[in-house]
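Next, two complexes with subunit A in common: one pairs it with subunit B, the other with subunit C.
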Partner chain A sequence: MAAREPRFNQHVLIDTTPMPSSIPPVQEVGASSAPLLSASYFIGARCKAYNDDFMKCKTDANGRGEIECLKEGRKVTRCAAGVLEDINKSCLEEFRKHWTCLDDNNQQLWQCRRLERGLNKCVFDNLKLEKTIPGTPENEVPVHLRKKQIFAHSLLSQ
Partner chain B sequence: MGIPFEALIPYGVMLGMFAVSGAALSKIRHMQNGDKRPRYSVDAWDKQMMDRDRRLTGFLRGQTDSVKAPPGFELSNPWRVEPTFT
Partner chain C sequence: MPQDMPPMGGYEPVQYRRNLPVRGFRPATYLFAIAGVMTYGFYRMGQGIREQNELAREKMWSRIHLIPMLQAEEDRDQVRRYYSQQAMEKELLGAETKAYNSDRFVRPTYAVTPSHVTK
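Let's look at the complex of A and B:
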């Protein structure tokens, strides 16, 4: 698949055949890009095991991951939907403000740190989920905790 | 001796026309982006996420934070069809 030449495509085909009934159905996550980005680190904090399982299954499947990793994928979807539901129940206002800010700012997290701090505090208090950025070097402050965001457009939103 | 303002009126007209057309185009671009600032530096990931937003809400810049996807979302991901060479 990887070595095939790309060809332009203008036509799309939408196949409305439902999945076979042997595959258990799972409700897809209904959040769009900005709320999903906003909640992504909390989803990562709670669902790390399922996500890692799914990624490992896909790398090990050598191209057949779409067919063979459906079970792990269902677990990922259910876990992420669970996190979103909890955030909606407990921190809806801060969540909405943060993802509206992200949507205004080209989905760039560093423009909306002020609202993100409020959201992080609320989620930590209610859901005990903390945002960590994996791969931060030990002796540096993580970017989301720094006082000054050097690329932010305005000082107000930092 | 005052400034010859009649001679500067044509420049004022030209400046005003540039300003009006620029403002109108900017307003149209704002409206086309769902009353939001337009996205820039859109890469393949962002294109794919915006396509997913369009499948979820109907608008390219629409956002929703509902937990459950609308019915029919699972089946609305299109197959990109390629021309065949026989």
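Let's look at the complex of A and C:
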């Protein structure tokens, strides 16, 4: 895949032709990076099967994945959008606080543990999605559950 | 002529050692104190490195969970442009030609620009 963007010397020119109608439309997620980072583990928890399916399709498609895996891609996008929608429905307050904190703190997760704890609890109570980091050493407390964050700027944020 | 001889009972002992008060603790004390400080510092550094590793793992997995979604969006956009180019080619040239001797998906390097820019 040639990963080179077309360059023009006058303006940013974007081809706005819509997708042919033979391909089912899907609403894009449209969230910016901080909400996505905040919700990433919940997206991962619920959409793991779709994600793995899509990535496997891309691997197996032998370079034609862009066209052949559109169906799997739509599923992935719908699932992720669904998770965000559910979080917005039941935990909007906590979610918004957490991703605003991430935005204000250079998207460093360890600066916002206090708000993250609230969000994780709310999401677990309402949506039954739990944040787990794979591959964490067995005998340690996972880093997102630790009371004290060594690298955090202020003690208040913990 | 009489010779100079040492005084009776010999000379006084020569004072070669300085008679200054010794400041501070014994050297061994400093050695152990600094060893203690260093040990504590390395212990804290080890803790920090371990926490950094875990934070890196957390960041990496959050990205891993997001990649399929981002990739799907990008792919859809690329396919949309690709189909649009194909349609344009068909309209202008009457036939779809293949630029590459393989059926892999290749991101287009060039794109058609409008003859006059409106903005």
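We take it that the second predicted complex is superposed on the first by the 145 of 158 C-alpha atoms of A that agree within 3 Å, B and C clash if a C-alpha of one lies under 4 Å from a C-alpha of the other, contacts with A are read in each partner's own complex, and residues count from 1 in each chain.
Following the convention adopted for this analysis, contacts are C-beta pairs under 8 Å (C-beta built on N, C-alpha and C of every residue); 3 or more make two chains touch, one makes a residue touch a chain.
None of these values were measured; they are calculated from a predicted model.
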item	value
Subunit B versus subunit C as contact partner of A:29, first or second or both or neither	both
Subunit B versus subunit C as contact partner of A:104, first or second or both or neither	first
Which superposed partner A:40 touches (first subunit B, second subunit C, both, neither)	second
Partner chain in contact with A:129 - subunit B first, subunit C second, else both or neither	neither
Per-residue touch tally on subunit A - higher for subunit B or for subunit C	C
Touched partner set for A:15, first subunit B, second subunit C, both or neither	both
Touched partner set for A:95, first subunit B, second subunit C, both or neither	first
Subunit C-contacting residues of subunit A that also contact subunit B	8, 11, 13, 15, 17-19, 28-29
Touching residues (chain side subunit A, partner subunit C) in the complex	1-4, 6, 8, 10-11, 13, 15, 17-20, 23, 26, 28-29, 36-37, 40-41, 43-44, 47, 50-51, 54-55, 58, 62-67, 69-70, 72-74, 76-77, 80, 109-110, 133-136, 140, 142-144, 146, 149-151
In the complex with subunit A, residue positions of subunit B that touch it	36-37, 39-41, 46, 49-50, 52-53, 56-57, 61-70, 73-83
Residues of subunit C that touch subunit A when the two form their complex	47-48, 50-52, 54-55, 57-59, 61-69, 71-73, 75-76, 78-85, 87, 102-114, 117, 119
Complex interface listing, subunit A residues touching subunit B	7-9, 11-19, 27-35, 81, 84-85, 88, 95-96, 99-100, 103-107
